[in-house]
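Shared between the two complexes below is subunit A, which pairs with subunit B and subunit C, respectively.
Coming up: the complex of A and B.
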């Protein structure tokens, strides 16, 4: 770096810039572009309340006479609604921003849930071994044999059957997070178990055992920090999957209700108007979803290659 | 050999037993089956009588045994919503799902393997790179979105192909099976759903064959085949491709189950009258008997496919027979 002072200690920012990870990131133009798009989309959806030109949840602000307006560049489009409006006059751009917020929120929380479950079970299975290990891993195998979407649908169906019928819409988000989170823990558990079994034999573990520290503290305070590397890669790769699963469940009509829609709900509602030529109600949320998933996928792929060259 | 086969069989039976237990627990304990069947003004005596008729007063093991022995004979109870036997409902919808899934797997093999070979051999070529990028986009487009795009393009704008249903079907095999392969409208109706369902599998087969080709082409025996002066064509197809096909066959076998599961989404987009749509409606309507039956059916497909794949592997790969391998055949 020409602008780096030769004598002083490198600052933290410079050390980050000089790290292998940062160099590999900056060398891949596609990843930089994908990360940029993903960050912009996530930031825009988090700040939806500030950025969105309209509030799609505010029923008083919606005018039914504005319904089914095409995007601004088509005949009949209005400048107030850049990407057009839906059947009840909501601005499509605003519903996409609020919808992405819902999709990303459910995606992140369900990945976090899978991570907590998977890491805990993986640590226990790897550290304890024996019967507990066999039970957890058999369970993982059975679940891994079934596709995520099917497991999520089943858990969703069971939770719906248990919840009182009047409350189904209120708990829909919670049901979604639980069903996606519970169907994705296996990958985390397997990775953590494998690295825990290696760490268990290390001298530092023996040392902390000798000074009388309990198994829980050993697992979570001493082994966990050493097995976190692959977990972050799996979490990133799973995020796009979780967002997709959420969208699919909502599209299938067992996700979030249309009053507080996610991207999947918007696409589902929009398909009813496809045949009348109002393509923008479906296509724009669909494009937003595909772009979000693609960019998160690209970043995840790069992270996997950069942190673990053997996986290629 | 016998030990291996019987070990795998025991494992499969155990999985089926666990799934049946889950399905039974759903069937018996989630929601009160009586409340789903009676009217508001039923008296307590009527409810008690119904409980007795349905055997809900028996002990749990007795009920479980009755559920399993019924399920083995195709009796999964009566749907709450349709008021018809679940076995009949599924049998009516089985052909639709199987024809769709079968055609999709065929498509993904016919398209995916040649593309995989090509991208594997011309790793740095422009077209191969373009194909790889396209496959990543293909994986990122959700199945249902692809279906919607296809409907919009080919049904709404161009008006070439139907957007929903199976078209006209013909009953064959003594009315047991209805097929859409024998009529023009049936075939036309199959095109869009099968492409939708096949896309994900196609990209997966392509990536897998590519990775295997890259691996195999580095192997010593390929170098020796070249050194022996064999033609490029022979080396690529007779020596390289043949050795990549083993894992590909396994994965395609294992994917067959996922295709049936992914058909839920495709069937929903195209209003395809298959099992997946029945299952989805049963979730929306909390129709527990249908849910349980579907769960058992899908688990059964998975177990049978897994078993066949494992046994096929065992008979194809001599290394498995020689080694002291325990249980798991995925070496």
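Coming up: the complex of A and C.
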């Protein structure tokens, strides 16, 4: 957060603090707490390389004799491994930090991809109308009829079948981003189209049309800034959904490989050990995922109420 | 494909459970069991993988089989004799019918042998010794071999007999081949002489077997139906057994043995397995794939030995396999070839390993890649991860590529061989060293199929010579000495990195009795509901 010292003039920071948005934020204790936890988790995973006690990607640092150690407070736990180790001796805490980084990275990029696709198509549909609108929106409705995870699985399956088997691990992250991104654009498109149809009739749009500005410039330079509110809300809400979809795909074994695990991969690996009593391999990544998704969702919910109460 | 399996394992487990709950009430003995992978096809000549071959043994039968003590027993052949060193006379069993009612006779044997010898067959090497087949009468047949071939019956224990008329009517004379994309009628339909017939098959989901009423032999089972449900995930498979969704499954993940033993209602059967797990290396290409040295380091014996000595096999046995593996010094289990037990591994010694790498011109190590199956052998992926970390400690940075076994064979097998290093397990066909020598150690010869599984493509003239000698040597002592010499060469030249023999662990629900076999063949005819 930009924290510039206050001057006699109302500074930017003061203006932010006095804005409706900030007041509403500070009034909601749950949102403040959720935002705090989410920011801490995201910061910790971004800085994983700095704060993680071990590097789970460095195979030379992993000792097989450290495998299956329980968390430090259990019998047999070691202080080097706060939350215990997995079946090949990786520190669970470090794999969670690196794993969240992978999950958040895939979540953010796939949301960005759906945003770009959805906003572009929504603007075109809303502004142009007619046949193009019908085609885009019918396509969106067909996709909306299918659960996101199924669409993501379908796209994932196709992309994986296209990639040569030895390349699958290398392109796994890209495949995930594409499959999640392509399965989530519909909400963006629908919201943007609705707002665009309202904006299209406004006088400022008529004015720029009269002075001969082209449709692309009108859509992206003039209408887009005015429909950003709902887009931000949907993006935040979709982020937790995307993280969850990534975890689901990785859990099903079609996500990132276990050598560079995300949270879903960790949970998947850990389930093999649930019956043998090594609960920590799966419970901790699971709890981290739940916390991350919950807090991002709470922030998104608040943002929706604050920015656009009409948005369902 | 894995996707389907995963969905199948979760959703269908429920569906199947519900469907069959109703039928159990009708006092039917329905045995539901599970293992790791789905049947890609049901062509008995369309695979060389142990799991499908073992499942097919319930539907199709060989001339000569193995009983549960791994001894040769007559099956569709009543008896056999060596007329002269190159002529074997088999007397066939009379009164045997196929599931479609056709009678089994010498024509079916000749047809099946020809089908197995087809150029698209994965089992071609098992019959390549035949020079000529002579039909003496309806139930007598003579096989003439090029050279004396003392272990001929051992080689044929998984060579299943198919009905000639049925295959010809349905245009199924060429075996299914997933690599060449050949889809045979016999890959989707079955017609054997075995005690069970396949009545329903939903690919990747389930295969249903029912007893064949006109089976020629006495059977001990009291089953009305057998359902095979592939469940890829180890944890899910254990959960299915614990919850009673399935009655029997293998392999039991090592970490869950204790749980199944202590649970009231389930138990485990444990036996040493005959398969040997090993790592192979590309020793043919001038520039190894996925490797950053610009040459092929694995052509240098010192590098191969460095890799060998960097692997702490005791740690793998202790931490990954929970003590349930036997470190191996060569490519065959001492249970099958006792002299192998006298061989010793190159010692684990990371210092020596680094020194060897430096001597070979890679003082800082190098980067390479390892291909591993992740649903084939016991803890295969974890073993590979452990190897990766052990190699990293001597400076060899390995990129691990894991895949399910269906993809794995397409990558590792001929002609793709897209690897620098790979993991593989091998149970010798016929349980004899000859199969190891011929398939894994011989140099590649397309015509005879020699070296077909020598994916690393190394070549050693003396080993090729020994293979030719062993094939026709009838004196056991000389033969064993020759075989031992070949294993010693592989050890000295470090052509392979043997890891261990794993353990067969079956999980069974109380109230079911099954006979466990060292070759992991689950024979339904030995299973009984005891309550």
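Assume the second predicted complex is superposed on the first by the 301 of 312 C-alpha atoms of A that agree within 3 Å, B and C clash if a C-alpha of one lies under 4 Å from a C-alpha of the other, contacts with A are read in each partner's own complex, and residues count from 1 in each chain.
As a convention for this text, a residue touches a chain if its C-beta (ideal position, glycine included) is under 8 Å from a C-beta of that chain, and two chains touch if they have at least 3 such contacts.
These numbers come from a predicted model, not from an experiment.
Of the two partner chains placed by the overlay, neither subunit B nor subunit C lies in contact with A:120. By the document's definition of touching, neither partner reaches A:143: not subunit B, not subunit C. Of the two partner chains placed by superposition, subunit B and subunit C are both touched by A:153.
When both complexes are overlaid on chain A, the residue A:258 reaches subunit C alone and has no touch with subunit B. Applying the stated contact rule after C-alpha superposition, one finds that A:55 touches neither subunit B nor subunit C. In the superposed model, A:275 lies in contact with both subunit B and subunit C.
Contacts of A:28 after superposition: neither subunit B nor subunit C is touched. Within the superposed three-chain model, A:14 lies out of touch with both subunit B and subunit C [touch as defined at top]. Across the superposed pair, subunit B and subunit C both touch subunit A at residues 153, 156-157, 165, 252-254, 271, 274-275, 277. Subunit B meets subunit A in the complex at residues 15, 18-19, 26, 30-31, 136-137, 139-145, 148-149, 151-152, 156, 163, 257-258, 261-262, 264-265, 268-269, 279-280, 282-284, 286, 288, 291, 295, 298-299, 302, 306. Interface of subunit C with subunit A (complex): residues 2-3, 6-7, 232-236, 238-239, 242, 253, 255-256, 258-259, 290, 312, 315-316, 319-320, 371, 381-382, 385-386, 388-393, 397-403, 407, 410-411, 418-419. Residue ranges on subunit A touching subunit B, taken from their complex, read 142, 145-147, 149-150, 153-154, 156-158, 160-162, 165, 240, 244, 247-248, 251-254, 267, 271, 274-275, 277, 279, 282-283, 286, 289-290, 293-294, 297-298, 301.
Note for the complex: subunit A touches subunit C at residues 58-60, 62-65, 67-68, 87-89, 153, 156-157, 164-166, 168-169, 252-254, 257-259, 271-278.
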